[in-house]
Amino acid sequence: MLLLDLIILLFAGGALAWWSESRSAKAPRWLALAFLSLGLLYLLGGVMQIPEQQFSLIPQPDNPQTWLLHYRVDWIPRFGINFELAMDGLSLILVTLTLLLGGVAVVSSWDEISFRPGFFQANLLWTLAGVVGVFLAMDLFLFFLFWEVMLVPMYLLIAIWGHEQKAFASMKFFLFTQFSGLLLLLAILVLASIHANNSGSYSFSYFDLLGTAMSPQLGFWVMLGFFIAFTVKLPAFPFHTWLPDAHTQAPTAGSVILAGILLKTGAYGLLRFTIPLFPQASVDFAPVAMALGAASVIYGAVLAFAQTDFKRLVAYSSVSHMGFVLLGLYAWNILAVQGAVMQMVAHGLSTAALFMTAGALQQRLHTRDMRRMGGLWHNMPRMGATAMFFALASLGLPGLGNFVGEFLVLVGLFAVNPWLAVIAAIGLITAAVYALIMMQHAFQGTPDPQRQLTDYGPREMAAMGVLIIGLLWLGLYPQPVLDVAQPVLESLLAGGAP
Amino acid sequence: MPGLQVPLEHVLMMAAALFIAGLVGLMVRRNIIFILMSLEVMLNASALAFVAAGAHWGQADGQIIFMLILTVAAAEVSVGLGLVLLLQRRFKTLDMDNANRLRD
Amino acid sequence: MNLAAMQGLLPLLVLGLGAAVLMLQISIRRQLGWSYAITVATLLLGAAAMEPAMQVAPLQVTPLLRVDNLGLFFGSLFCLSGAVTAVISRDYLRSREGENEEYFLLLLLSTLGAVILAYSTHVAALLLGLELLSVALYALIAYPERGTLPLEAAIKYLVLSGAASATLLFGFALIYAALGSLEYAEIAVQISAGRAATSPALILMGAAMVFAGLGFKLSVVPFHMWTPDVYEGAPAPISGFLAGVSKGAVFIAVLRWFLESGFFQYSSLLAGITLLSIASILVGNLLALLQTNVKRILAYSSIAHLGYLLIVLVAAGVSPEPGLAVEAGGYYVVAYVITTLAAFSLLGLISRQSGDREYDQLSDLAGLFWKQPGLAALFTVALLSLAGIPLTAGFIGKFYLISAGVDAALWGLLAALVIGSAIGIFYYLRIIYTMTTVGEQANPGTTADMLVGSRLVVYLLIFAMLYLGIVPEPLMGYLRTIL
């Protein structure tokens, strides 16, 4: 029940925030923050009650008892569709990240949104509810439903509160994800139909569909439907073109959620569904997928290097970092996959912080153009210091979370394909270049004496502090996260072993 | 005397010719009255085909359908003529091209 | 005609009687309120009469009509849709001067035609239903006195619809000449008895002409030209009736004819339908992109939706087990009728006519989200359902269609469906986006003073749409039992 409550809580919180708009312009943001904190506490409180040894159990597909939490009711028996939510270590990590970054997003939009703040917070919470649903759904129909539902409020966030080219960016975002979503729906239905032909009855349950026998050729096409849907979201080269526009034009909170969480749903889909459901096709396809990953790493880094728009730079760096995730997933050994999971979390934290910085800069300077910045450290030392920290995290400084993720991916990848590991390592070096260029253009140099800028206040520093602590923790003591994810990844690896 | 006295194909050919004549008239004519007349020709061509087929099979069904088609055609045309009156009153024309304001 | 037959035909009798009563009322004393009340009451009673009729189903009443669960279910759906149109029209007619009582009479007759179509198992019944539906609609389309568009639309519809009827009849005449029967079931018997072999060309040509005629009423490409013009010219409630009820009824009639007379055995016919379907999906969606009038956008979108629906026919023909396809078709029709009615009703309320034009240009909707949040939110839900976004009836319909397509392995059609839906999202979103922009343009038509009835009906439609999208199982189960 906890899982369902969590989703309902977020939906209800959104509705309440919308309603409260007519009472007070300040109420929605407090309500949103309150509901997100409540959700996080509720989740952690519920998880605390789960006995310790449950965490080390390897989740068995056919035994709900081995999962941390499991909830299921009949929904559409005609097609064997259930309302089935389940949580294992992987989902736990990602849901916690979602709620945490949701709070950061609310804080980052604190004074930014004056137009219809209630509806804004409502859309924010509904997006998060959809994302939580995506991370928990164990029925492919339900998964698809959440997958689509999270897009509509996200679209509205960009379309209503976005920057100058919001119409174009929001439309492009929606079309890309929707088209890939339709492919996903088609692929899910083909898979279910194959299963129905094999077993005589329809089912959309993940557990039933695992191990569905099908001809290699058909398997390849169905796998491709899943793969494209998830890599568009990830995004990987060549499906990434929606991302720079959407991230740049979205309001700050929208960018934080997009980069911090929504991209992870793509990686999660690959890890949870694509590879385990189609082990053989995935093995055959792995070289192509890894090549796309390596291309994304390099391509993203090179384009990030060429940007003058602060947000666009961060957006392209996301393409590069998510390339590591794709590489790690398709290397498909425990080290690389652990690295991919770690990279997902660390990238979520560091990019959220960088987008928040970009938003703060835009709010103060009314521009995102780095050529019109310079010397900001002088005006705003606190902002400069935090930006420096996250730029270093993003370039993969040892001791911070991103380093652990990328390092594990590279080590795991090296065992599978040394040449790709070398290429990806080059991407790491370019990351250092663009991250430092960003710092140099924006924060160093001669300050403009005319400028009167307010530095981060306590509210912003609190959000930044949470993210800094998170990254340090992941970098210095990653073991708890690795431990929580370990049994899940082992079971996934065992299911879809190459 | 049951059955059809002439080959069925011939009558169907005749009906088809009438049908096509009506269709061409419908497309070529611009005057609304002529268009309605062409429509009438098309409907009657189908009616003729029904009568011939009914006679061929020695059933009354074809003739019953013929009567239904007559009724339907009368209804269509009476509403059509009502609209023509309105058209004339508002546009002072019966030419469909002059009355074409709806465009893609 | 025994008692059981009367009981089976009760919905038709109620509608016919209601029309007679309404005519008497108008001739005795003109009073719009009364006419309205009689119409709505008749339509609701007609829908309720399904219950007693169901007790005698299935029952063949004369060779013309069959009382079975399929016909009864869709008959009552069309009655309810007619009632919705009547309620919305009441709001619409408020702003119109003159004597309007006949409007409701025409609406009632048109609905009767739709219900007859749902019952038809014979060419004569098909003809009667189709014409009753269409002839009343000609007058309804031309009803508004403002401007010249409605009149023009009506004449256009009359001429083309008449030509389509003639084509349809000619096709049936050819089939009759070849097989000697006008009854669907009898045609199937003759085909399977091998009588078709003597003149296959005649039958195929006949079937093609029948499809052309019916395809016109369904407005599938290339018989779609009239659709946007007529929808734009007609009053919004009538456009909704045309797009929802008229097309839904004709589709049910097509489904019956197609399945019962065994024409799906002709693979060239199936190939033709496949082409029509793909063309409708692509052309409908692409041309919708170019429109700036919301009614025209919805018109092209309805063309695309009928293209999706044709997949059902192909799937039913190809698949060895047509049950899933027919079920999918049934669900899609229900979802489509509800959604279309809701979209046009809301558009009608939003674009309340004022002066000599309706406020139905895309730019008229700018800022609606902030001026009329309730209406805009409901309209958004309707558009999302048309686009097939989850949690709405439209999504489950699309889900069903894809299942049927996958089951029958119709990859080409499915590709068209996916591409078409993706294009579709673009123009639905454009409407939603326009509503969210901060527009200065005030739309004098959008006032909050809609009648309670319209408000209630719109809420009910949206509720039904969401209910069918979230809890689809009851309807699915029901359709399974009746198909």
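Worth a mention:
Letters are used for the chains, namely A, B and C, taken in the order the chains are written, and counting of residues starts over at 1 for each.
Basically, contacts are C-beta pairs under 8 Å (C-beta built on N, C-alpha and C of every residue); 3 or more make two chains touch, one makes a residue touch a chain.
In this text the structure is predicted, and so the values were computed from the model without any measurement.
Between chain A and chain B, the least number of touch steps comes to 2. Looking at which of A-C and B-C shares more C-beta pairs in contact, the answer is the pair B-C. Of all the chains shown, the one with its CA centroid nearest the global CA centroid is C.
In this assembly, the C-alpha centroid of chain A lies 65 Å from the C-alpha centroid of chain B. Our note on geometry: chain A versus chain C, Cα centroid distance of 43 Å, whole angstroms. We define each chain's centre as the mean of its Cα atoms; on that basis chain B and chain C are separated by 26 Å. Among the residues of chain B, none is found touching two or more other chains.
Of all residues in chain A, none touches 2 or more other chains.
For chain C in complex with chain B, the touching residues are 123-124, 127-128, 131, 135, 138-139, 142, 148-149, 151-156, 158-159, 162-163, 165-167, 169-170, 172-174, 176-177, 180, 182, 228-229, 232-233, 287, 290. Residues 8, 12, 15-16, 19, 22-23, 26, 32, 35-36, 39, 42-43, 45-47, 49-50, 52-54, 56-57, 59, 61-62, 64-65, 68-69, 72, 75-76, 79-80, 82-84, 86-87, 90-91, 96, 99-102, 104 of chain B touch chain C in their complex. Remark: chain C residues 370, 384, 389-391, 395, 399, 402-403, 406-407, 414, 418, 421-422, 425-426, 429-430, 432-433, 436, 438, 472-473, 476-477, 480 touch chain A in the complex.
Of all residues in chain A, only 75-79, 115-116, 141, 144-145, 148-149, 152, 155-156, 159-160, 167, 170-171, 174-175, 178-179, 182-183, 185-186, 189-190, 192-193 touch chain C in the complex they form.
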